[in-house]
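Here come two complexes built around chain A, the first alongside chain B, the second alongside chain C.
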Partner chain A sequence: MLLIEDKQIVVPGEILAEGDFHSGRGTFKDADKVCSSLVGLVAVRDKKISVIPLQSKYIPKRGDVVIGKISDIRFSMWNLDINSPYSGILPAAEVFGKEKRELNRAFDVGDVLFLRVVDVDEVKKVKLGLKGRGLGKFRGGILIHITPTKVPRLIGKKGSMINMIKDQTKCEVVVGQNGVVWVKGKPEMERIVQKVIKTIEEEAHTSGLTDRIKNMLFELLGEKTEKTEKTNKEEDFEEELIQ
Partner chain B sequence: MVQSIVPQIIKESVVNLIQKGERADGRALDQYREISLETGIIKKAEGSARVKIGKTQIVVGAKPQIGEPFPDTPNVGVLITNSELLPMAAPNFEAGPPNETSVELARVTDRCIREGEVLDLEKLVIIPGKKVWMIFLDLHIVDYDGNLMDAAVLGSLAALSNTKIPSTTIEGDEVVIDYEKMVPIPIKEQPLMCTLAKIGGELVADPSLEEDDVLDARISIGLRVDGSICAMQKGGSVPLTREEILKSIEIAQEKTKELRKSIPKE
Partner chain C sequence: MIIILTSKLIGNSNKGSLITSGTKKRPDDRAFDEMRPLKIEAGVLERADGSAYLEIGDNKVLAAVYGPRELHVRRLLKPNMAILRCRYNMAPFSVEDRKRPGPDRRSVEISKITTEALNPSVFLEKFPRSTIDIFIEVLQAEGGTRCAGISAASVALADAGIPMRDMVAACAAGKSDGQVIMDLSEWEDKEGEADLPIAMMPRTGDITLLQMDGHLTSDEFQQALDLAIKGCQIISEEQKNAIKNRYGD
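Moving on to the complex of A and B:
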């Protein structure tokens, strides 16, 4: 018996269902009851119940692509802040191979990188790598932070949301699974993207979001379309970095 | 406070915006964030205030206590300011003994309140040389989003204006405290502080957290109601020119007038 509705907000300990149900993420089973273990929105898929937290911290997972900033340089590796309780390490061998070079010539403290999580071990030591298309150091642009659980919503179904933003604003947008978003384009466009992304974060749980964001983009861009149409031809920002 | 590492690209984007006369949150260069001020929020303290500038939030409490004056100043009361950067206010605030930021904040606030003559310390004397009121001003930074100093002075002023001390009578050598009859603390002046940050060669008022992290230099100016200066503090590694200092005083005089409107009239 289901005791809650889909997309309802629940608190830890709240009984979500009794009887024949599976416990998904953010829930636990107590005898035949499924209970929530955090504050969030319920998602019911057939017999599986999960709770999507309203806010969360990023827990590294192998294969994720993340955006991190270099916080320290050690003898043979860089330490990175990946917006998570666990810090990441980037071994020098990942960048130079067998060659020996000075680390701070390649990346210095304060640089922002686009990386892949190569491995997470049992003590949550996060090993990062730069091998892959589009991975590397960012130059210019701005950073926007959102809650990691809202990342799927920002990307949309098969990238529908993010591609719409990219097309409309002619900005390069890179989303890390850890909730850090990098945007580069014309400064006024960067601001618009920032506004739009913050709206998506706030309204991630509502339905029909893509259409509303579309309207919002048209509204925000309305005043600037004339200007941008002229310059579009000169500077055509291509999306180089697609995750 | 451990200095937070600011990505180079954030610094560049903040500087570029400011050089074009814009700011990341859409404010004008000399515009403050929204200010809110509540007084009397702590029942256990004789005076208290909560001040918010944008997302920066400080809770100020004033506790009077009877004590002995310092031997070199037997005829004035005592004012002690202390600040606490709570670890919940920012990821880079750590628990433990006060650090540079915390001490600087407490001292600058103390200077502005003391030299701005908010309190008539001479009126706090009960028995000269023996018994005086000591006022402990405690600043608790609950949320940090840049520009602590302006918020701290504004909050301190509000908390002191809100403070009531019990009346005292002297019987023989004994001091009798009458908790039934509380009197407001004598307030003389209302100084306020305005902080300006130099970023990319421009002066901006009320720096946000991002701006606080990337600023080249900052100057905090404490001003009395008549516009005279009572305190000043410069921070950051880059020097300020004479023109810049004079310009910042001008801006501060303008801005403190605005800030003054947020003080509740009693």
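Moving on to the complex of A and C:
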């Protein structure tokens, strides 16, 4: 017997169904009851019930692409913060091969990299690599952090959402599966992208989001032309003051 | 200070006579099985992974959850599960006489029992080698802050997206003026005969905390326990509403 509706918000411990049902992600079984273990939206597929969390931490998985920030340089590897309970390591051999070079010549503390998770072992040591298309160091731009479970929503169906943002703002946008987003473009455009991404994060659980984001983008871009004029005026004013 | 105390005592003794005259009302005009007004809000802090604000009567409690996050203290780390750490702290301005800031015997005890009350509810095995940190700040105290803290922390854990078996709710019962009552106020706790705070997981009915201070007969204990469980169920409903309200109806 199903006790909830599809896409309903549930809380931890809430009984979702009794009897012949399978427990999927975000749920657990207690005798013949399927209960939610998270705050999230219910997804019922045939006899399988899962809960899609509204908030989560990134748990590294082999093959994921992530954005990380270098937090430490060790003898033969870099330590990276990948917005997760487990920090990542990038072995020097991944970057230089067999050649020996000084590590801080290549990447320094604070550098932002686009990486692939090569391996996660049983002690949760996260090995990262740079081999692959588009992987490497970012220059400039800003970082935006969102909840990892909302990454699919930000990308949209076949990239519809993210491509719309890229086209409208002429920014480069890279999304890591760990919920870190890198944006580079004109400063005012970066701010618009940040605003839009934060809205997507807040409203990820609502329907008809793509259309609303489209309207929001048009509105913000309309505003933008006025704003640039204003900032120009402010700059002129500052110059006057200096003189 | 003395003036406030005496006026309080006079006020209560007046109302105390009402009790003996048979109306069965408490100093704040509540029925014996009535809880103080309750308000819970989830997601109040921007920088924490999860947070909650709880008001019950004149208690004001803020709970923040950080994690699961990396733990650098190697000796605490567990290879098969996360660890839960709690800190219960009372603000210096939370009580009538300024409280000396910093941990004391009482707050260390409450931190420990809070950890133990919440531990069975969290799926700690999902995040091996990490830590979940909970900070409970009592902004204003009026009796029953440990229960308020546990209830708030549980909402904050759910808000942080941490998988749990159930949301732990906590409520006290006790005996004051010869009457077994639910949700003791500060005065009832201090002047009363007994205090029985409990924490439980309402779905299964598992009790994760049970403390008792004072004297109760076994009949009275059973009555008080039933009242406390009833209180937990009321709080539990409010906790669920708080989470659901955060995401709009």
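In the analysis below, the second predicted complex is superposed on the first by the 222 of 243 C-alpha atoms of A that agree within 3 Å, B and C clash if a C-alpha of one lies under 4 Å from a C-alpha of the other, contacts with A are read in each partner's own complex, and residues count from 1 in each chain.
Criterion: a contact is a pair of C-beta atoms (placed from the backbone, for glycine too) under 8 Å apart; a residue touches a chain by one contact, two chains touch by 3 or more.
Keep in mind the model is a prediction, meaning the values are calculated, not measured.
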- Message: Quick check on the superposed pair: does A:Arg139 touch chain B, chain C, both, or neither? Answer first, second, both or neither.
- Response: first
- Classify the contacts of A:Ile213 with the two partner chains as first (chain B alone), second (chain C alone), both, or neither. neither
- Task: Identify which of chain B and chain C touches the larger number of residues of chain A.
- Result: C
- Regarding the shared-chain residue A:Leu16, is it in contact with chain B (first), chain C (second), both, or neither? neither
- Should A:Val123 be classified as contacting the first partner (chain B), the second (chain C), both, or neither? second
- Query: Now for A:Ile49: first (chain B), second (chain C), both, or neither, which partner does it touch?
  - Reply: neither
- Task: Provide the residue numbers of chain C that touch chain A in the complex, in ascending order.
- Result: 49-50, 67-70, 79, 82, 121, 123, 127-130, 158-161, 163-167, 201-204, 239-240, 243-244, 247-248
- Item | Footprint of chain C on chain A - complex, ascending | 9, 11-15, 26, 28, 30, 35, 37-39, 53-57, 59, 85-87, 123-124, 147, 149, 205-206
- Task: Quick one: which bits of chain B touch chain A in the complex? Just the residue numbers, please.
- Result: 5-13, 16-17, 20, 26
- Contacting residues of chain A [partner chain B, same complex]: 69-71, 81, 108-112, 138-143, 187, 190-191
